[in-house]
Structure formats: C-alpha cells, structure tokens
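Structure incoming, see below.
For reference, chains read A, B, C and D in written order, and residue numbers begin at 1 within each chain.
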Amino acid sequence: MTSQFILFSLLKVLCVFSVLMFIVGNAVWVERKVSAFIQDRRGPNRVGPFGLFQLIADAIKGFLKEDFTPGHVRKAYYWLAPAIVMVPSLLTVAIIPFGSLLGSQKMVIADLNVGILYTFGIVSLAVYGIVLAGYAARSKYPFLGSIRSSAQMISYEIAMGMSVVPLFLIACDPKGIRDLGNGWREAWQTFLAGTSSLNLSRLVAWQADHCWLIIYAPLSFGIFLAAMFAETNRLPFDLPESEQELAGGYNVEYSSMKFMLFFMGEYASMTVSAALLTTLFLGGWTLPIPGLDRPASTIPLGLLQIAVFLAKMLIVEFIIIWVRWMWPRFRYDQLMALGWRRFIPLALANILITAVALWIKPGH
Amino acid sequence: MNFLPWLILFLPLCACATITLFTQRDRKLSAGLSIGAVVAGFLFSILFISSSGWNLNTELTTTWLSVGDFHIDFGLRLDPLSLMMTLLVTGVAGVIHIYSWGYMADDPGFSRYFACLSLFTFSMLGIVLSNNFIQLFIFWELVGVSSYLLVGFWFERPAAADAGKKAFITNRLGDFGFIIGILLVWATLGSLNFGDLEHKLHADPSALGAMATTAGLLIFCGAVGKSAQFPLHVWLPDAMEGPTPVSALIHAATMVAAGVYMLCRVFFLLNLPGSNALTVIAAVGGFTALLAALIATQQNDIKRVLAYSTLSQLGYMVMSVGLQGRTPAMFHLTTHAFFKALLFLSAGSIILALHHEQNIWKMGALRKKMPVTFWTFVAGTLALAGVWPFSGFFSKDTILAQALEQPNPALRYGFFILGVLIAAITAFYMFRVVFVVFSGPARSDGAGHAAESPSVMLWPLRILAVFSLIGGVIGVDALYNKMFEPLSDEFHYALWQRLLLPFAEAPFAATLGLLAAAAGFFAAYRLYTNVLTDPLPEKLGSTSQWLRDRLYFDELYEATVIRFHDRLAALANWFERWIIEGFCIGLVRGGTDLTGRMLRQVQSGNLQTYAFLFALGVALVLYFVLL
Amino acid sequence: MTIGLNHYLVVSIMLFCVGLFGVIVRRNLLVIYMGLELMLNAANLALVAFSRFNDNLDGQVFVFFIITVAAAEVAVGLALIVALYRKRQTVHAEDLTTLRL
Amino acid sequence: MENFFFYFFAALTLIFAFLVIANPFSNNPVTSAMFLVLTIASLAGLFVLLHAYFLAAVQVLVYAGAVMVLFLFVIMLLDLKAEEERHIRAFGLGAGLISVGAIVSIFLISLLKAPLLSNPAPIVHGDTLALGKLLFNQYSLPFEIVSVLLLVAMIGVVLLSKKELK
C-alpha cells in the first residue's frame, strides 16, 4: 500500500465520479430529447443551444427550491433515503474496467477477484434506498411502491445473477487466454496479473480473445437486459414509482434537492448498468480491431480504449432510454410471474445447457 | 419326529389365539379350529408313540430364560407317564370338544367357549409334558385360569361367577403351599428339573434332610388344591356350575387328575427315608374318599352326585399314591377318566334333554326315551362301581391289592377296609342315581317329554362307553408298571388272561371288591326302585340332613376362614389406604406435586425466561467444558 | 502487537453476547430474530478466523453453509412470525405465552 | 494499516450490533434492521481482512441483500404502528446481564488461558476458485443437502404464507 497507489486510486475515483456525474446529468437531457422526438415534439430548447444547458438550470432549480419536509414523515429515514439511493451505483462502478492501461495503471478502481459477486452484493443493497424512502414517507402510495420495489428487486436479482453464471462458465476456462505469439500473451498477463476466476477483467480479456459473449450467450444477454430494467426501476418495470397508479411512488413526498438525488440515483444506476452490460456482453473496452483488442501500450491508445468503452456504454444507455418511451408498463403480477416463472427457470436451464455443452465440447 | 410333541403342545394355544383374535364371529370356524387342534394333537400323539414307541425317557429342551447362572429350560419330558397322559388328555378332550359342539350349539358365547377350551387343553398338556417345576407351576396356574374362565363361563349367572371365583381362590391356597414347596426344593437341591432332582435324590436320599416331610407336604398342597382333597375339596362340587362338558373335562377327566399326576411325577420327593409325607397323603386321600362318598349318597343334583363321586375317586387315587402305589393310582386315573367323562357326558345328555333340569327327583323313566344315554350311563356306573369286567373293577382292585401290600398291619387293614367300604358306598349312590333317573315313574313333565340327544353327542358317549368297558384290560397298567417298577416282571398275558388276572393275583381283594359292589347295588335296588321321593332321610334323620348339606363345610369355612379373611382384608385395606397410599405414596406424590408446582413457575411461556435459562445452561456447559 | 486469532475471537464472543443479550432483553420477536442473526454472524466470524489462522479452508465452507441455512431459517422464521401476527395481531414475546402452564 | 482496519471494523461491528438490540434513540425495528445491515457490512470488512473475499461478498449479498430486505419487508408488512414503548423490565435486564456476563467471562478466561496463536503469513485465500473446488469436491454432499434444505424451506414458507390451507 504505497502512497502512490493511494494517489492514483484517488485520481481514478475522482475522474470516474466526475465523468459519471456528467453523463448522469446529460442523460436527463438526452432522455427528454429522445422522448420529445418519439412523441413528435421539441423537448427542452430554451436554455442554451438545443437546450443543452438544461442540466445547469435543473441543478440550480433543485438547489434553490424550498426543501419542504412533510410533518408526518420519519425524519431520519426521510433524510437518509435519498443519500442511500445514490450509493450502490457509485460503489458498483468501482470494479468496472473502463479501460486497459494508462502507463502502468489499470483503468479500474478496484480489480476485485470476486468481481461479479461484489457487483451483485452492492446491487442488492440498492433496494434499501427505495424501501426506506417509502417507509419514511409514512403514507400509502410510497409505502406500496417500496414494498413492490423490494419484492421486485429481490426477484430479478436472482434471475440476473443466474443469467451471468454461463458467462463465467464459458470465459473462465482455467487455461485462459490463447497464446497467439507476438507478445499477445505478455500484454494480457500484465493486465491480468493477480486476478482469478470471477474477475471482470478476465471476462474482457476472454472476449477480446474470442468473441463478444452476447454471441455465445444470447439468452443470458436477454435475461440480463430485462432484469437490468427491473433493477433500475425503469419502464417497462417501473412499478415502484408508476405515476398513474402510485402517483410517483416513493418520491411523492420529496422535493428539491432530495428529489434531485432520487432522480440522479436512477440515472446513475442506469449508467452503471449500461457499463456492466458493456463489460459483460459487449467486450468492454475492446474492439475486434488489431491494436484495440489488447491492453494498450501507449497512452493515446489507452485513452482511445476508454473512449471505445464510453461509446459502447452510451449506446446501451440510449437504448435503455429509448425503450422507456416505446414500451407500456407491465402489470405487477405479470412482472412477478415473468421473473419467477419465466426468467428463473430459463436462467437455470441456460446454466445447465451451457455446462453440458462445455462438457461435451471436444478437446475440453 | 421331535417336533411332534411341540406341535401337540402348541396347536391348542394357536387355536385359542386365532379364535380370540380373528374368528370370534365365525362360530363354526372357531369350533372347527379348536376341535381340529385337539384332534390333531391326539393323532400326532398316536403317530409319535407309534414311531418312537413307549419306552422313551428323554427330554426336549430349549433355553427359556437365564438369569445369571440360573437357567430355566422350557422342556418337554417324554416318558410313558407323560405320553399316556398326553394321549389321555388329547383323547378325552377331543371327545369332549366334539360333544361340546352339540351341547353348546345354542350358546351365544360359542367361540369364546372353544377358545377357553383350547387354552385349557394347552395348559393341561403343558402340565403333563413339563420337565421342571417352574414350567409345571406356570401351566398349573394356567389350568387354574382356564378353569376359572370355563367354570364361570356363564358369568351372568351369579352362582357360576361365584363358583369360578371359589375354584380359583381355593386353588390359590393350595398353590401357595405348592410354590413354597418348589422354592424349598430349589433352595435345598439347587435344581428344578425333574430328571436332575430324581438323580440327586437317588444319589443322596437324605439330601433334603429334616425338610423331607415338609417339602413333600408342601408340594402335596398343590395336589390338595387341584385334586380337591380335604380340606380344599369344597370348590369342586360348586364348579359344576360350568357347562356340563366342562365339568366332564375339567372336573372329571383332566384337571383334577393333574394333582394325582403331579404326585406320581414327583413321587421321588415324597418317597424319601424319614419322610412321613406319604402316610399323611394316604390318610388325607382315604378321608376325602370316604367323606365324599358319604355326601354323595344324599345329593339330589345329578351333577353333584357325580362331582362327589369324582372327589371320592380322587381320594382313592391319592390314597393309592400315599400307599406307594403309583401304578394303581395312574391306572385308576386313566380308567376313571374314561368312565367319569362318560358319566358326565351322559348326565349332560340327560340334562339337555330335560332342558337343564339337574334334580334327579324330577327325572325318571328315561330308560325307554333315551336308550343310548341309558346304556352308556349304566356302563359308566358299572365301571365306577367296579363291576367285572368293566375297567373300574380292574383299577380299583389294584388299589385294594396295593393296600394289602402294606407292611404295617394297622395301615394295611385300615386302608383296605376303608377301600372296600368306599367301594360299597360308591356302588350304592351310583345305582341310586340309575334307578331314580331311568326307572320308576316320570316325576316331571320334562322327564315325560324327554327325547334322545343328537348323534354328535351320542357318538362320544359310545366311544367312551367302549373305553370304559375295555379300559382295564388294554395294558394301561402294564405300561405304568413298567415305568414305575422297572424291576418287576413284565406282564405278558392274553386278553382273557387279563380278564381273570385280578382273581389270580389278589383273589381276596377282587372278591371283596365285587361283593362290595353287589352290596351297594342291592341296597340301592331295595331302596330306590319305583319311589317318588328319597326314603333315606326318614330313616337316617338328621344325618341325612348333614350329608345333604355337605357336612356344613362351606358354612364352617364361611364362619372361620372367610371371616378371618375378611378381617385380614379389611386390615390390609386400611393399611393400603392409610399407610401405603396415604403416607408412602401420598408423600411421594405430594413431593412430586410440590416440585412440579415449583418447576412449572419456570414454564412461564415467557420467551425471555426460556432464553435466559437456555443461556445459563450454555454457560454451565461451557464452564465444565472450558474451565 | 499484531492482530492474532484471539483478537478476532474476542470480537466474535462480544458479538455473540450482544446478540444473546438482545434475545433475552428485547421483546419484539423481530428484534429477537435479529439478535439470533447476530449470534450466527459471531459464529461465522469465529469460523473464518479459525480458518484463516489454521491455514484451512474448511471453516469457510462451513460459514458458507451457515449463511445458507441462516437464509432458510430467516425465511421460515419470518413466515412464522407473519402467520403468528395474522392470528394474534402481535409480535411481542410477552403476549405470546400460550405455552405457559 | 491492517491493525487499524481491524480495530476500525471490529469497533464498527460491535457498536452497530449493540445499536441493533439497544438503540437509545429509537426503538423502531426498522432502525434495528438498518443497523444490522451495517453490522453485516462491517463484518464483511473483517472477512476481507481475514482474506475471505468470497464470504465477504456472499455475506453482503445474502444477508444484507436478501435476508435483511426480507426483514424490512416483514416489518413493513406487519405495519407495527404502536412502536414498542420503552420500559425495560428489570428481570429481563438482569437475566440478560447475568447470562451474558457468565458466558463472556467464561470465554475470556478460557481464551486468556489458551496460548496465543502467532499470526502466520496469509496462506489461505478464501477466493471463489479455492472455495468452489472444496465445495464441489469434498463438500458436495452437504452442498446438495443444503440445496434440499433450501427447497424445503421455500415450500414451507409458501405454505405458511398462504392465508388458509386447504
């Protein structure tokens, strides 16, 4: 634990946080623009060119508006809930490899060996913010929303976690990376030094080596994508806050900055989910182009790979936003039935089929 | 073939269990099972004897229980004595089983009756085949139980229920002495196996020492109870309350014979130097025989007459054992089983024909109406009275001859005269019954309309009649003689020689016996032909009343034994209620109650208390484990 | 002083006893249940510490099983509490004294 | 550094644990549950210090993510309006102190008596691969049994949760 390590870690945290916040802020603008486009209207266009400064205007509004606290709420949780909402997504981002190398530094804040488990551990904590928000409000709609939310998130976590298992079955071949000569292996070895099975970097390396896992495990991708919507409480699974039924759910009682935090939390988790999806299924920071399919040797190449990652992530995020305005909401029982009676058995079957396929694969 | 004896023994038990557990509702199947078991036993006995011969002296054993060094085998002793008895028990019981089918046909407790009958047969066979005292005693008690069940079979009748209880309790008194005797034998000789005991006593006749007489008499107590000897004779006449086949089976042929059989079985214990047991036994037997014969003369209930005659004959046998005559005793037992069963069953036939009328003064003129029954009854009477050439003559004659062989002249003539006297009285009261029942006028409507019994009842009578006739000359005595006196000459006589043998061997006894029977017959003929009422009470006065009331033994016991018993019971009750229940149990119960009340405070239903106690327990365990 | 097994064990014991204290003192069934969870976790900590200081992974496997069983136990236990609440309208240990003699 | 983290996480664990069962500010079960989540998170920190990475992750995932959510769910479902009034029974307190004191003292005494184990170099790494190998080879039977247990528990919960059994 050298001071250099701490310094670089802090630097990485800072960079990632600011970039994430920037994306979150602009994602709001994108969302409004996309919705406007889909609904055949203009969207924000008053502040700045194309309404680009809407982000700043919203922020100022959020800070300056009266922070109204209803009298009947449970104070402590009322204050705590919005803060908690943000935390899980910020924690998840720590293990996502958003680039290869810049100099000698790996472009990941914490390259944990239990990687994906950590992710799910943190993701599973995300429910607390919503649950506490509903509980704190001490009123029916938020409460119903939070109850729904907790059930929904627990349910889809299972499907999500199991959908990922085949990826690691495929990718974590003990023999690891093929040696193609030309220093290929050395580059990866530096990158993967000290990592083991459930590490996300390994997954990226495998995808660079073979093919994106979306090809190998399309069913996993489908389940993961759907579960992701559920976990981020986005349409078509936004039951906790469904405006028509619950009048906005848990954020009914919140205003100004607290409401902003919920809002940002949603977009942050959306962004992080997109990043995770990119890493798991879309090859992470790699592209199947020579030079981009291995850890960078120069700084510009490293920066380019970060850009590739961000590009993929943004595309995924765009899709998430797009889906919101295209799909109707599920009914709650349909949602649960889908989760428990379709996705979980499917994911289980998926694991089994993958395992058997790997087992009978020649030369394995 | 060694499994056959086991089969013979346990078949009736299986039948009993099956009937009780499964076939209570099916009357025919129940009866069939029971009859089948005993008849199969009889056939197996014949098969076994014909295959291995009479001259066996073996034991079949299997370890039953062992406590430390003390082992009790469950064993079967197979020698001529037990084989003959097995044959007798299964044979007579088989005949009576078949007879019961007819006699009990209308009874609602048909299946239960046959279950009890099978249990009884099993117990009796157990006694006969036992090779040790413990086993013998257990079957002894089983016989008591099954006789209780059978005597009290019509338990809804108070008299029957009381008779059952009386039989059972009176037997307990004898058995009390019996088991003390057994314990005494075990304590002094260290074994309970008959073979072992005999061997030990043979090697050292004074092994029992001063206890010889005591032990012998204590064991005789068992026989006193079971064979209804004076002073425990009172239960047998009452036990006639049971169904008549039961009377025939239990109180004529088998159960009461158990006592005599047992005495013969353990004769080696009685016949010891320095032991006076045999003399006492002979005296008790003789006294019982005389007493019972006298009482029988003034009984008006046909079954009671037969009961007292049974008593009298049992006394005869016991007397014979006491006179060291095991062969005569067993011989008489065997023939007696035939003709007494015959008499009882014939009496049953009469009773059934007269719709359960047992008073002989309400019968009469049945000779024409029930010819088969008449002839069989007469055959039985002749046998019992000891008329040549019926079986009773031969066996009675051997007893009389035995009496004449006594070394002591006082004993010799005393018992001989007693024997002859009893023979005369026996002939008298039996012919009294014959004349009153079968000849003369019909003294009631029932007697006037009587009809012969069904053949299922008559065939057993015919069979038994045949055996009553020939039982004395088929070699039973030779068999016993070979076993009990192996040193004496073997009999090799043709049938006609056997018929005349008593006159050759003991002409004095035979002649006097015949004369006694004739005297009895003529006395009865003089007094009882064509009379409406008994002329004897007028002539004898109060003596007759005494005899009719059985010499007031029951009243005597009522006044002494039973009153004492009641007092004792009251005392025991008081002790039980106040000392044991009140003080001992009460203290324990109260203590337990108090502790429980204290402990139930802990069971408060409060989760925290439980958790606290649990944690304390954990702490305690940890303290012992870790520190 | 380096941190050794004993340090972890002391933490484990204290955690266990805090849980036990909660079980005994608190009267809300749910909180009692949380006390039980604390005790289970204390055991987990001790097992992991033993595993670490004995160079043996078996302890951790054990903890894995304990966590699984605890999950099952919580599910069943909470279902029981819910059923109880439906019937008796209370989750206070004081009110649930049906077992009293 | 490691010492600091140990004391830090240990202190957090114990403080949070104490707040679970006896919170001076609130008697609300939800508060207890939240502090239990924090206890578990701190405990996960201790697990990491013990190189039990997999268990640390599972601890958070299962306990904090699933079990405690279930707790919250139930607390909310029961809607305990009348929050527990603060009157500590002297008996309960005494009983708790006695038993806890007894057990703590016994453990501590025995711990003091025992020889202090030296702190060996970290050889055992509780990472997924090693644990997985152990789990699916040596402990495969218990693993399967536990799976059956979970199934049974699940069925049991479904049955228990039904409003009325037919």
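The definition used in the following text is that a residue touches a chain if its C-beta (ideal position, glycine included) is under 8 Å from a C-beta of that chain, and two chains touch if they have at least 3 such contacts.
What you see is a predicted model; the values in this text were computed from it and never measured.
In this view the innermost chain, defined by its CA centroid being closest to the centroid of all protein CA atoms, is C.
Inter-chain centre distance (subunit A to subunit C, centres taken as mean C-alpha positions): 33 Å.
For this pair, subunit C with subunit D, the centres built from the Cα atoms lie 6 Å apart.
Averaged C-alpha coordinates give centres for subunit B and subunit D that are 81 Å from one another. Taking each chain's centre as the mean of its C-alpha atoms, subunit B lies 76 Å from subunit C.
Under the contact definition stated at the top, not a single residue of subunit A touches 2 or more other chains.
Residues of subunit D found to touch two or more other chains are 54, 58, 66, 70, 77, 92, 95-96, 99-100, 103, 107.
Looking at subunit B, residues 608, 612, 615 sit in touch with two or more other chains.
Under the stated contact rule, the graph of chain-to-chain touches falls outside the line, ring, star and complete shapes.
Subunit D makes touch with subunit A in their complex at residues 1, 26, 28, 30-31, 34, 37, 53-54, 56-58, 60-61, 64-66, 69-70, 72-73, 76-77, 127-129, 132. In the complex of the two chains, the subunit C residues touching subunit B come out as 20, 23-25, 27, 29, 32, 93-94, 96-101. Partner subunit B is touched in their complex by these residues of subunit D: 89, 91-92, 95-96, 98-100, 102-103, 106-107, 109-110. Within the complex formed with subunit D, the residues of subunit C that make contact are 1-11, 13-22, 24-28, 30-31, 33-35, 37-38, 41, 44-45, 48-49, 51-53, 55-58, 60-61, 63-65, 67-76, 78-83, 85-86, 91-92.
Remark: subunit A residues 1, 74, 76-77, 112-114, 117-118, 120-125, 127-128, 131-132, 134-135, 143, 146-147, 150-151, 153-154, 157, 196-198 touch subunit D in the complex.
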